[in-house]
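Structures are listed in the sections that come next.
Both of the next two complexes hold chain A, though its partner changes from chain B to chain C.
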Partner chain A sequence: MTKIVAVTACIAGLAHTYMAKANLEKFAKQKNIEIKVETQGAMGIENKLSEEDIKEADVVIFSVDTNVADRDRFEHKKILEVGTSEVIKKGEEVIGKAINMAEGEK
Partner chain B sequence: MSEIKIKKENIILNLEANNKQEVILELASRLEKNGYILNLEEFVHQVINREEQISTGIGKNIAIPHGKSSFVKESTICAAKLNKPIKWSSMDGEPVEIVFLLAIKGSDEGDKHLRILADLAEKLMDDLYVKKIKATNDFEQFYSALQF
Partner chain C sequence: MNIKKFGKELTRHFQSGVSYMIPLVTAAGLLTSLAVIFGGQEVWDTTETFWGVVRMIGQTGLGFIVPMISGYIAYSISDRPGLAPGFVTGIVANEMGAGFIGGMVTGILTGYLVNLLKKMPISPKVQTLKSIIIIPFITTAVVGLAMWYVIGVPITAMTEGLTNWLNGMSGANATFLGALLGAMMAFDMGGPINKIAYAFGTASFASGSYAASTAMLLGIGIPPLVMFIATLLNKNLYSDAERDNGKTAMIMGLVGITEGTIPFAVADPLAVIPSIVVGTAVSGGINAFFGVTHQTMLSTFMAIPFTSNAIIYVISILIGGVVGALMVNVIKDLKKRRKEETTELQGEDNR
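Let's look at the complex of A and B:
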């Protein structure tokens, strides 16, 4: 089964970070895909991805308008990088794209 | 519903406004009247500046203008339904009819209020929640639909 991990972060860290998280989870669930989303917002890093989460993931989504903290963790992973707006607006498409990337690898 | 997240005194139904500046001013005035904002003019100025950087029209006819400011006395949310949709440079290009103004205290490092705002942001991705708050024009129903 395809596994996705994601990081969301926006400039103010107040709203878009969490909307992007909710939308990724919503559409992953619809497609029956396992996803874990780390938020890097005003409350700091929450739901932090473990080394194992990242290792097991087929693809990584960065839904960010700013830098990803600890980006080194994702070296050698397949990364789909989009803005938070794109995920809020077209969450389904972004998840679809990530699934295609993951399946392309197998 | 464990706790009231959006208070009755901070809810406005059938708000009449012609543009986003007017909406922000009306909502901020309500918060000032209820004692959440110390300096109305400065707070409104900050929210509008923020809005000019990136529009907070998140689609689905909803906007969430916000300001983190030392002019906020106590962090809170003000919610309004407009009597007619207005333009808001939204992500989906659609006009806005429901507005949440988020006022965040500048020194609010305690996470409680930030958590409520984050929860609201997540909730707005829930189509059922959005459908419920859009469906009613009755104050009591709107108030209870708004809680999350």
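Let's look at the complex of A and C:
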């Protein structure tokens, strides 16, 4: 089964960060895909991805308007990078793209 | 690297810097505002009184805006080694009076210079030397000197020019600036363009150009007000959930959060975004035309008691809110009718 991890972060870290997380989780659930989303909002890193989460993930989604903190954790992973508003508006498409990327590896 | 990609990357680094800066601005801005509200104008040059001290704390924080922007832009570009040199060169930019733009420039230069030095081939024996001495020392010295002697000079002149222009502005120019800042604040409701206007307004506040900061802060609460009024004016155009959301957005708007409007904009961007942009621009324009300002960092509604002319200020808010609300409802109504017409036509076809 495909496994996705994601990081969301917007500028103020109040709204877009969490809306993007909600949308990613919603559409992943629809497609029956396991997803864990780390938020890097105004409160700092929440729901932090563990080393194991990252290792097991087939693909990483960065849904960010800023830089990802501790980006080197994701070295050598397949990364799909989009803005937060893209995920909020077209969440299904983004998840679809991520799945395609993950399956490309098999 | 192509230019478009580079520009996108720079925007992201800039946004990271602003993102770290926001809590600083709220803390320092609110302290300064409170001091002026309770202590009056005499707080500005004293630490003898309690409110004078509060003002001093706040202003010290405001003075850190430029170094903070510089440091965190550098951090965003080059990670940890960029942070310290970014701060130091940012303080230099601040000392020179190069302002916000100066801080952005030192942050960017520092970040990319650090990245360049990171790639420098060096014997593994002195690898630790490189990260702990060579990179911070060289970067700080080079960027600091370049800033002071070369790059900073025109930036300082430009910043001074801009500040004078802002302070001396009146009539049509002021109206235009007020409207533009309002439009930018509303356009993406807390997104990148909003934050550019926010950064500009904050920097203006720190240098005493209250017309720009007032216009920017005024823009924060108008989009939620527009949608709140719109849901009240014509209930048929909105679902129950949306009407509830109108109230929530309004409450968030009262305390200075624009983001409550986002669900409306996501559901119907073509109707909502132009309307809130127009509404907010109208408010900002009218208010700036009459030269109403306040010397606080409080947003739209909370600032009302501290404005130089509260009546005109409130009228500006209401006009913008109503104009935006009417506009969004007219567009929604048109769209709804067109949709009904097309479904009717399809119905006839089926017969």
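As a working rule, the second predicted complex is superposed on the first by the 106 of 106 C-alpha atoms of A that agree within 3 Å, B and C clash if a C-alpha of one lies under 4 Å from a C-alpha of the other, contacts with A are read in each partner's own complex, and residues count from 1 in each chain.
Going forward, contacts are C-beta pairs under 8 Å (C-beta built on N, C-alpha and C of every residue); 3 or more make two chains touch, one makes a residue touch a chain.
Just so it is clear, the model here is predicted, and its values are computed rather than measured.
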Clash or fit, chain B versus chain C on superposed chain A: clash
Which of chain B and chain C A:M19 touches, first, second, both or neither: both
Touching partner for A:K89 - first (chain B), second (chain C), both, neither: both
First, second, both or neither for A:M43, with chain B first and chain C second: first
Touched partner set for A:T66, first chain B, second chain C, both or neither: second
Touched partner set for A:I11, first chain B, second chain C, both or neither: both
Residues of chain A contacting chain B in one complex and chain C in the other: 11-12, 14-16, 19, 42, 85, 88-89
Residues of chain B that touch chain A when the two form their complex: 50, 53-54, 56, 58-59, 64, 66, 68, 91-92, 102, 104, 111, 114-115, 117-126
Chain B contact footprint on chain A (complex, rising order): 11-12, 14-19, 21-23, 26, 39, 41-43, 85, 88-89, 91
Residue numbers on chain A that touch chain C, as the complex places them: 9-16, 19, 42, 64-67, 71, 85, 88-89
Sites on chain C touched by chain A in the complex: 12-13, 15-16, 18-19, 22-23, 76, 79, 188, 190-192, 195, 257, 259, 262, 266
